[in-house]
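One structure, as structure tokens, below. Some questions next.
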Amino acid sequence: MKFHGRDIISIEDFSREEITYILNTSKTMEAVASKGSDMLKGKILATLFFEPSTRTRLSFEAAMLKLGGSVIGFAEAEIASVKKGENLADTVRTVENYADVIALRHPLDGAAKLAAELAKVPIVNGGSGSEEHPTQALIDLYTVQKEKGKIDGLKVALVGDLRYGRTVHSLAYALSLYDIELHLISPETLRMRREVLRAIQNKIAVTEDSNLEKVIPKIDVLYVTRIQKERFPDLAEYAKVKGTYKIDLKTVAAAKKDLTILHPLPRVDEIAPEVDSTPQARYFQQVYNGVVVRMALLALVLGAVR
Amino acid sequence: MKFHGRDIISIEDFSREEITYILNTSKTMEAVASKGSDMLKGKILATLFFEPSTRTRLSFEAAMLKLGGSVIGFAEAEIASVKKGENLADTVRTVENYADVIALRHPLDGAAKLAAELAKVPIVNGGSGSEEHPTQALIDLYTVQKEKGKIDGLKVALVGDLRYGRTVHSLAYALSLYDIELHLISPETLRMRREVLRAIQNKIAVTEDSNLEKVIPKIDVLYVTRIQKERFPDLAEYAKVKGTYKIDLKTVAAAKKDLTILHPLPRVDEIAPEVDSTPQARYFQQVYNGVVVRMALLALVLGAVR
Amino acid sequence: MKFHGRDIISIEDFSREEITYILNTSKTMEAVASKGSDMLKGKILATLFFEPSTRTRLSFEAAMLKLGGSVIGFAEAEIASVKKGENLADTVRTVENYADVIALRHPLDGAAKLAAELAKVPIVNGGSGSEEHPTQALIDLYTVQKEKGKIDGLKVALVGDLRYGRTVHSLAYALSLYDIELHLISPETLRMRREVLRAIQNKIAVTEDSNLEKVIPKIDVLYVTRIQKERFPDLAEYAKVKGTYKIDLKTVAAAKKDLTILHPLPRVDEIAPEVDSTPQARYFQQVYNGVVVRMALLALVLGAVR
């Protein structure tokens, strides 16, 4: 397995064996995270966020700093050279001269892939268009593994916007590498994209439904997503479906005692605050896991862990 | 006295003994500031500024870096997840997974307090609403102590906007722990808030007036504040009072030779530039003191100094 | 030669001997850049960008980090205290308390000079108004020296906006210290400023023309600039001249085999992407050189290299 110099663009680029290796490396990073390290001393991460995402950006930055590296970057396209009409290709070919690794977030599908083709340094896709968010999928797998001690054999429900939410596309692909039962719960208009569905149906058992109540008693992991206003081409469509699913204490009561509730965050009102203090709520632990998984990825692509 | 793990929310949470300890620790930080240190190596400060304040943010960041730590954060709410509808509670419960301490600036009263109740890591209030700015009050005390060799026995005038300016609220409380004579000079509409006034009147001698000329000859410390346009609910009110007090060379000439002029900055035109080169003007030294006081606070709440 | 504590404001402040020293120091920084260094450990660079320039800002930041220092700052005036009406003088007298060196970018002519007069710490001009961009000129000289093994004896063409582009003003002055033949190619309305022209005409051979084809076969270095929309007082004027010169494979074919094409970047469409993969295109190497030249400048003004 070779990670040194590799780009992290799509979860589909990784075999189950490679994912296992990343998850195991992430586990070793928990100790490093609490002590600090000089593993990446002298290395620079550039966070190029053409679309704001405080959470993802700060997570990458914390990961780099905890490994002893440093960070440069920008937090939104408005303050970048794109204002002057520069294209992504030139930005990447410029910034690779400043940094040893680039974490890229971009509103357009394919942006991370294009960047990876051009750049001499590794590109880590921090979310591009509505297609891919591979590091989030790895964080989700890591969290499931940590909470349940395994991934195989679980029943998982993905709930909410399965059409525009890039997180669930990457996660569905990732889960299809395991022996799981997958339940896709969404309004009719926000069904999982057909190309994703087709790709995973060959590999695992998948059901689609609008009704969460039906599946809630039998699942082990409930993965909730925000219905993202900013991804809707038509706001009238957004108004119709927002607030469709709201996880509250009644949902929790109807589920298995050891249900694990995850959410990539930020949330708006899909999960009631009353749920936060239940043992089932693991979405803030998921945030912590985000740092160690990104530490693992940065250490791997920069060759500090082999 | 226990500072390790403690939040710095309101100046009212600190006894005079504790403040003395902070001021003494700040003094030891002057040597550390000039040499640099690894005291907080491996620690991360998150600066969450939901309201822009370059000065305060850079001061916190410089303090952290001079102690060998590192910094992540954002400089205005526009680029933060709040755009996606996230609430402060979730932001705090997320960022505490990235950082060892959080400096928070927020436009709403009570924001820092709420954050402190939720967070596992220490919260340092970098200014919240129009109520509190505890680190600025500590910087002001440190500066007075350094300039005058003492705080007890002094005559201090606070001038300008005493109603909306959070700095003067925290400072008035802090000064009331000492044996001082306090003169509050402001337009009628910008009088010190009644609840602050009542709280300090029990402890120290306080006068209120609109006329600065009357008190200028007898005071030791003149604390000038900006009339902050952004805090006025009504711009017509702002227009009426802006420029009411303007400190110039005539003001200086009418005062004691060893008057100390302070200002939390930024200023607009409350102090004429001609005053800057007088020995009385100490507001840029006050800026330097801001770094060492914040170094002390970060080192204390992170347990590096005990 | 004394660089410790010195401001880098205008290329005109430097003798040819001093420039040679900076270029030689830059060369030694190439090894430092790839290994990393603790040369500026404990030192802080403040990047005060009152005008956005991702490229220049990140280049300065990478330079500082590669020397082991750290960075604070802001990326645009919108989020700085200027919003509160603060003037540049107060910002500088504040930030000098936070940082050991300041890199300043400002839309107004003379801003860097004013800052340098006020500040106790060295100011490095990262571009001010339409007049000066001294670090870019040093990078350009360094790149020519590296590509050609010499500067004396070359034929150089500056193409595009020679009136509003600050880069070419600084570069023309710098080149006039060498024994070169300079060709200024621009539309009539974007001719090189008369004061710059007069200053360099005394020292070197200069021609002015609107026609690039005529000079292309004889030149050694082709320096292309963007026609900067944001510098035009009148957008109708901009519309008339944009796209006047477009360097493509035909241009390259008409030139000497060993032509060196440079561009300060970002570009819009002055150089066709097809040119990027020719050996003549050296503008991305120029970006890399930017980091080592800025490392040299930071190390010199902070006294780490003498």
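Here the chain labels run A, B and C in written order, and each chain numbers its own residues starting at 1.
Please note the rule applied: a residue touches a chain if its C-beta (ideal position, glycine included) is under 8 Å from a C-beta of that chain, and two chains touch if they have at least 3 such contacts.
Just so it is clear, the structure is predicted and the values come from calculations on it, not from any experiment.
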item	value
Those chains which touch subunit B and also touch subunit A	C
Cα-superposition angle relating the copies subunit C and subunit B, to nearest 5°	120
Whole-Å separation of chain centres (CA-atom averages), subunit A against subunit C	40
Subunit A, residues touching no fewer than two other chains	70
Residues of subunit B that touch subunit C when the two form their complex	35-37, 52-55, 58-59, 61-62, 65-66, 70-71, 75-76, 226, 228-230, 265-268, 273, 284, 287-288, 290-291
For the subunit C and subunit B complex, residues of the former touching the latter	41-44, 46, 70, 72-74, 79-81, 83-86, 89-91, 93-95, 97-99
